[in-house]
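After this come two complexes, each holding chain A, first together with chain B and then together with chain C.
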Partner chain A sequence: MAFLKAFVGRCAKCDLKTRLRAWLLLSAIVLFGAMKVCAQTAPQPEYQVKAVFLFNFAQFVTWPSQQPSDAPFVIGILGDDPFGSYLDETVRGEKVNNRSLTIQRFRRNAEARNCNILFIGQSERDRVAQILSSRKGRSVLTVSDIDGFADLGGMIQFFTEKNKIRMRINLDAVKAGNLKISSKLLRVAEVAH
Partner chain B sequence: MLVILLTSGFAILLMGTALIFYEVGTFRRALMSNIEVLAQIIGSNSTAALAFDDRENANETLRALAAENQITAAGIYDRNDRLFASFPKAISAAQLPPAPGPDGHRFDHSHLVTVQPILQDGTRLGTIYLQADLGQMSRRLSVYGILLLVVSVCSFLGAMALSAALQRRISLPILELAKVATAVSDRHDYSVRAAKHGTDEIGYLTEAFNQMLARIGESNAALAASEERLRLALEGSRTGTWDWNLLINRLTWDDYMYPLFGRTKEEFDGTIESVLRVVHPNDRSKLKRALRDAAETEQDLNIDFRVVDPDGAIRYMASRGRVFFDNAGKAVRMTGVSMDVTASKQIEEALSKAKEAAEMANKEKDEFLAIVSHELRTPLTPVLATVAMLESDKTVPPDVARELELIRRNVEMEARLIDDLLDINRIVRGKLELHRQVVDVRSLLGHAMQNYCLAAAAKKGIRVSMNATASETHVLVDSSRMTQVFWNLLQNACKFTPRGGAIDVRVYNEYRHLGSTNAKNGDAETLAGLIVEVKDTGMGIGPETLPRIFNAFEQGERSRGKGFGGLGLGLAISRAIIELHGGSISAVSEGKDKGATFLVRLNCVKPGLTTGTDQPVSISPETTPARPMRVLVVEDHHDTAEQFARLLKRAGHEVTCAGTIKEAQTYALVTPDRNQTCAFDILISDLDLPDGSGLELMRNLAQRCSIRGIAISGHGMKEDIDGSMAAGFSYHITKPVNWSELRSAIEKIGQEVSLESDRPPPRLV
Partner chain C sequence: MRISGQVTWQFNIRRVCVVIVLVVASAAVARAQELYAYTPPEELKKLSVEELLDVDVTSVSKYPEKLSEAAAAVSVLTQDDIHSSGVTNIPDALRLVPGLDVAQVDSHTWAISSRGFNDIFANKLLVMIDGRTVYTPLFSGVFWDTQDVLLADVDRIEVVRGPGATLWGANAVDGVINIITKSARDTQGLLISGGGGLEDRGFTDIRYGVKLTDDAFLRVYGRYFNRDDLVLSNDTGAHDAWDMYHGGFRLDWDSSSQNSFTFQGDIYTGQEDETYLVPTFIPPFATAITSTDDVSGGNLLGRWRHTFAADSILTLQAYYDRTVRDSPIFGEDRDTGDIDLQHRFALGDRQQIIWGLGFRVTHSDIKNSVNVAFIPSNRTLTLYSAFVQDEITILPERLRLTIGSKFEHNDFTGFEIQPSARALWTPGHEQTIWGSISRAVRTPSEAENDVRLNPAGAPPGFVTIFGNPNFDSEELLAYEIGYRVQPINQLKLDLTAYYNDYDHLRTIEPILPGPVSPSRVDNKLFGHTYGTEISATAQPFKQWRLQSGYTYWQADLHREHGSHDTMTEQTDEGSSPHNQFFIRSILDLGWNVEFDSTVRYVDVLPFPKIPSYVMLDLRLAWLPRKDLEIAIVGQNLLDDRHPEFAPTFIGTQKSEVERNVYGMVVWHF
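Then we have the complex of A and B:
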């Protein structure tokens, strides 16, 4: 705002009308631009939190040791990416069990292989059941904020309650995927039956 | 006691303080580890809440701290140090710090603050902040403090009580001992005793102390008694002690010395010179010399001297002292005693006078005895001579002859009694002297038998036999004394042997081999003893009497009452004579009426030295004709002279009598023969003559011609006989003159004279 003021202040010699017009123009440009920027690069605060949660799952879930230890820990995103660059920023420089973290984005379910965590975006809402059934029994932590995800066989579902993002965990699915979830995580989550 | 209490109190205090500090440390460490554990648990349980932004969960986790009442405040901060959750619920955000601060512990006023990271798999998710109240610790500490105080006071009181009790048992007896010791040293009273408490070490100490007191008391008492004794002794014996420092010539007297020396303390100036002034002038140099000698010769001082009192009285003083020397041998001190010995000196003098008087009296007695015997014996000589003459007269009727024999025997006995008395007197005084010469014991024995025994034995019908088997018969003896012994033995044998008995005389050698068994081997190594044995068949000697028969005045059994006569001196004299000769005499008797045997044991000698008397004596009967001699008899006692003359004439000799020396010389030298031939062969002279001594006459005549002499004297002592021999007499006959003895002497001279024609006469000893 300060620079706006300065910008406006520089045109102090202009007449009010001109100034008003300029101000409005500027505001419009700024607002538009800002909206555009926000829509493209900065996700909603909700997804910022979810991005952190996704990363944190790596610390509270244990995978069966099938992959070589030097292979990167992969967080996959299927469908539209709601996190923008935020998730990348979050995991940058972080390590999980001495493994570096990688974010991979997939448009199709078939592409999404070798993920440790797979976030299924809203765009795949209609194909959720199909996606989940194809992945049944595989050691991939499936996470999504699609309504009824946990009931459909997803492992962790984000949901919002009293303005807070909460988790719903399908323990059967987790067990079927041969994963172990820390009891600490379970304490802050809701378990689907 | 105070010291002990203070030290023990201090120790207790120190211990309590150490305990409190230790407790504080322990408590802090415990609290810290406790809080740390809590922080870890809370942190660990809060990771998911932090990771998934669940404040409610985090608060719930923190609420578990309500069970820990020392936690006053707690907070969980997220990774951006923003407060995420807090405890207790009601706490305002101001009570918790806006940021947790650095990790670790810190004590802050009354709180312990712990800040710890919350980690999940090594990733820091946040921070936990815990604040613990230290009030509990201070409460515990104050409880400890109170406890310590109580314990200290209690132990202090306990220590006081204990020390009071111990004082009764230890300190009190020791204090009491100290009190007693003080009393002893103050009052020198060793009779006090410390009371004994118990039988422990203190008890022993007390006992030992009491014993020591008793010992000291005893020795003090002994010392006092000894001093008292010494004082009384010094006082009673009029003895004083003195101590003379020789280095500074300082003489110290005790109180008894002043009266002893008759001087007051003022008159005595402590020098030896002031002592010498008091000493009798004639004794001063003697005293000085004695003192000097004592110091120089290291001998004790022992001197008697006289002291002159101021009033001129003289007293005798005896001083005994000892000199003490330093290490260099220098006399430094002399100390001793002085005592008044006037009384004992007087007694000594009196005793000395008495002794002198007694000795004088004894000498007078001896002289009296000698005179008496001489005077008693002199009249016996003519009696004996007359009787002998009458007896030899064949015309005398037999009954008169028997009475004559009785007279002769009794007169002879009386003469012998007198001789015995003289002899025993000499023996008692140790004056019996011997004139030893080598003789053949057989001649002495034969002489004694012939002259004194045979006749008497023949009258009693006693058989006398002599058996001489000895090969060595020479002995070194006094002939007359030995003859006397034999006569005594024979006389006794005759006396105690009843009529018809027998007397056996044996002479034999006894060989004593030194380490040799071969008897009769007369080599030089063998000592041959000569035994003369006189054995009779008389009444014997009872065993109870036997040991005493050689004592003077013993005569067998006195109660016998048979009147054997004599004084019983014979055997005593005999024993004395034999023992003087180095021999021995003993008696053996098997009992009463079984006879007695007397043994005389003498040492033999080689017959190298022959003497004039060493000639075998003929024991032929008296009828042996004598060689006629010219005899000059010099005797102032007219009757005696006439008796001699008659007897000699009857024996066939030519006799001339003279009453004085002058007359004798006249007769002897009447012949103008200058050719050394005398008018007489033999001079028989009394020694006590009116105009001189017979010795003088003998010497005179012996110078002129070769005349032999026989001295007749009332004195038979050694000096007398020696004098006679020195004057030239060949024989010395003691009055009363025994005719047989005289005749035997004349016969011997006759034999010698007849031998002189062949060889020179043997020297007389």
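Then we have the complex of A and C:
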């Protein structure tokens, strides 16, 4: 009881130590609570931005209309996922042309079928040429931040310049995949030839 | 027993404490490396591609809201802020902005200002909708009744308190309000909303957005509302009901990777009940006339944006705007054409230059009455302007200096120069300190030159107020400092303090000695105002946001030698509240239920004598499906009615704001 009173400061008998201890406990609880709030799995800021870019690509890129319009729009992640739950939160409840969005994660290239967008993680760095050649001419928007991705035949490559994200787009690869990228994106991206 | 029990208890507590502190500390250390700032995806999704590319991905708090890095007192009201408040018109939305003073005078008239000098004819605030100036040269203020947009299509409302004249030109003296609607790309599909209640008798919005090609998007919209009479202090109806029909479109087209175009337009017409007290030749020299005034207008705007490179962008914009008002005491047809060129580019690594040219021509045709007349009743005014501003990075990521000036030529006072210097210092990632010195002028309005106003209560001619062709610009030299800090991820604070030094403020000088005399507009008031604005936003939990603002304002004005105007000093010092405070909670209750509440306190207005008031607004919304929202909104719930302002110059009635409850349904698919 004295301890509780120490919190509210109305305990005549409580000495400084008890009070101090009480406050220490309270601060610990508050700190712990605050940590829990903070501890939403936040990826690095650059991947928060990239996640939102992946979502934006769904709007700024036009796919040939082969899929049934009620099938979900799939963003695939091949290899290690740098986004945590952030990408899932980004697309939650969103729709693209009336299709809901889902995120699928794949360990192997062969599993990654039926994606509209495929993000290729850093773990696939050594296999990237192989992955891209297996997908050549397919209507899947390939995206990665692996060095040299666009020049190897990937469609959109992220890179960082002066602490800001930049994009490099391989238009031949995009064309081969029968995709069309909005000028809004092209305007701000670098084009690989 | 008791003693030993306590010893054990303390012993345990000590252990528990030590364990918890250790666990938390070690967890904190372990996580310090990998714990990044969490920016909710909703925030990032609001950004354009260009803005996303501008996010600094190394720093935590360099939040993509670019305005938060501005060396000025800036607040942004987002679509989310507007929507969650349930407001149905722009003035009510502006009540949510820290530092603005919004007072309703009657059902369709508002007095809105920032940093003092509030009035129905407040003249130191510049207001723009999608780059179109809606500030009228008639009285250098805004007719708020006709500034109407489909609120669901508003992207954001940016409010700059303090002078913005270097970029925006004369009349951006104490603030700039910039209402920005969404691109047609972002308003696709059909939106139907409607509702009604006590004061909002009925309102409906319909918008349809369509994709024309992969790069061209169009929206068309229509809107109607009907608002009830307010009441007078004796509880009788005020005869100020009104309604408005409004239609419009916006087309956004990215014709190539370098060029994008926007075309937009509006057309509206409304009818407003009003009661005027007008002068007569027989005692009591006043009579009330009731009328239904007509207001209508339209505008058409085109904008071309050309990107030479990511850091070199040219914008060319032109618009035409027509407004028509007709009442028994006054009528006005106004046509305005405006063309503006703006170019922003980087000069080396350290400098960002923005420069522009503008030309505006406005023609008014005024219908006079015994009560209000303009001589001449026709005027064509031209305005030429140019500006240049250089943003210099002195220490990368740390210190930035912005200097610039506007140069304008107007038909009343000729050339006006409005320079400013601003510095922004970012000592750490979570803190920003800025300061500025700027000069702004408020150029004369047509009324101040041309008016002949016969107020009710005296035979026409006895106390007439005459305009003055030699009326000069009002001048301001403003000193501002600000501090923004984000001490923890969930809390942002923004503090501003300013000292404004005014000269040549408007007075109305009696021409003859004695109590009854005609008078003439002059520039014989000077003095200073000072104040502070504090705002805080907090998000203790993902589902709960808090916003609050406190505004303090004080004025000390004096008459020049030879001034006999005993009124203006009192009205200018007394027409804005010294203290204002609001706190707002936006809570997601789960189960698709949202609950928004706002409490607002506004201090007394010494002149016109208005008591202080506290307002409570609530909104409860239920989203049974993703595309459907049902909401009930209550405004001003704490009292039956209260006055917020009183008419000035024109003898309309002093209405009081009533309790308002309405329901609304929004269907979006």
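Just so we're on the same page, the second predicted complex is superposed on the first by the 153 of 193 C-alpha atoms of A that agree within 3 Å, B and C clash if a C-alpha of one lies under 4 Å from a C-alpha of the other, contacts with A are read in each partner's own complex, and residues count from 1 in each chain.
The working rule: a contact is a pair of C-beta atoms (placed from the backbone, for glycine too) under 8 Å apart; a residue touches a chain by one contact, two chains touch by 3 or more.
This structure is a prediction, so every number in the text was calculated from the model and none was measured.
Looking at the superposed arrangement, the partner reaching more residues of chain A, out of chain B and chain C, is C. Touch criterion met: A:Thr160 reaches chain C, while chain B stays clear of it. In the superposition on chain A, A:Gln48 makes contact with chain C only, not with chain B.
Within the superposed three-chain model, A:Gly93 lies in touch with chain C and out of touch with chain B [touch as defined at top]. By the touch criterion stated above, A:Gln122 is placed in contact with neither chain B nor chain C. Of the two partner chains placed by the overlay, chain B and chain C both lie in contact with A:Val188.
Of the two partner chains, chain B and chain C are each touched by A:Asn56.
Of the two partner chains, neither chain B nor chain C is touched by A:Ser133. Judged by the document's definition of touching, chain A residues 49, 52-53, 56, 60, 164-165, 167, 182, 184-185, 187-188 lie at the interface with chain B and also at the interface with chain C. Contact residues of chain B toward chain A in the complex are 45, 47-49, 51-54, 57, 120-121, 123. Those residues of chain A whose C-beta lies close enough to touch chain B in the complex are 49, 52-53, 56, 59-60, 94, 96-97, 164-165, 167, 182, 184-185, 187-189.
The part of chain A that touches chain C in the complex is made up of residues 2-3, 18, 21, 24-25, 28-29, 31-32, 34-35, 37-40, 42-46, 48-49, 51-53, 55-56, 60, 62, 86, 89-90, 93, 160, 163-167, 180, 182-188. Residue ranges of chain C in contact with chain A, taken from their complex: 6, 9-10, 13-14, 16-17, 20-21, 24, 27-28, 31, 35-41, 44-45, 47, 49-50, 52-60, 214-215, 254-258, 260, 307, 310, 488-490, 540-542, 626.
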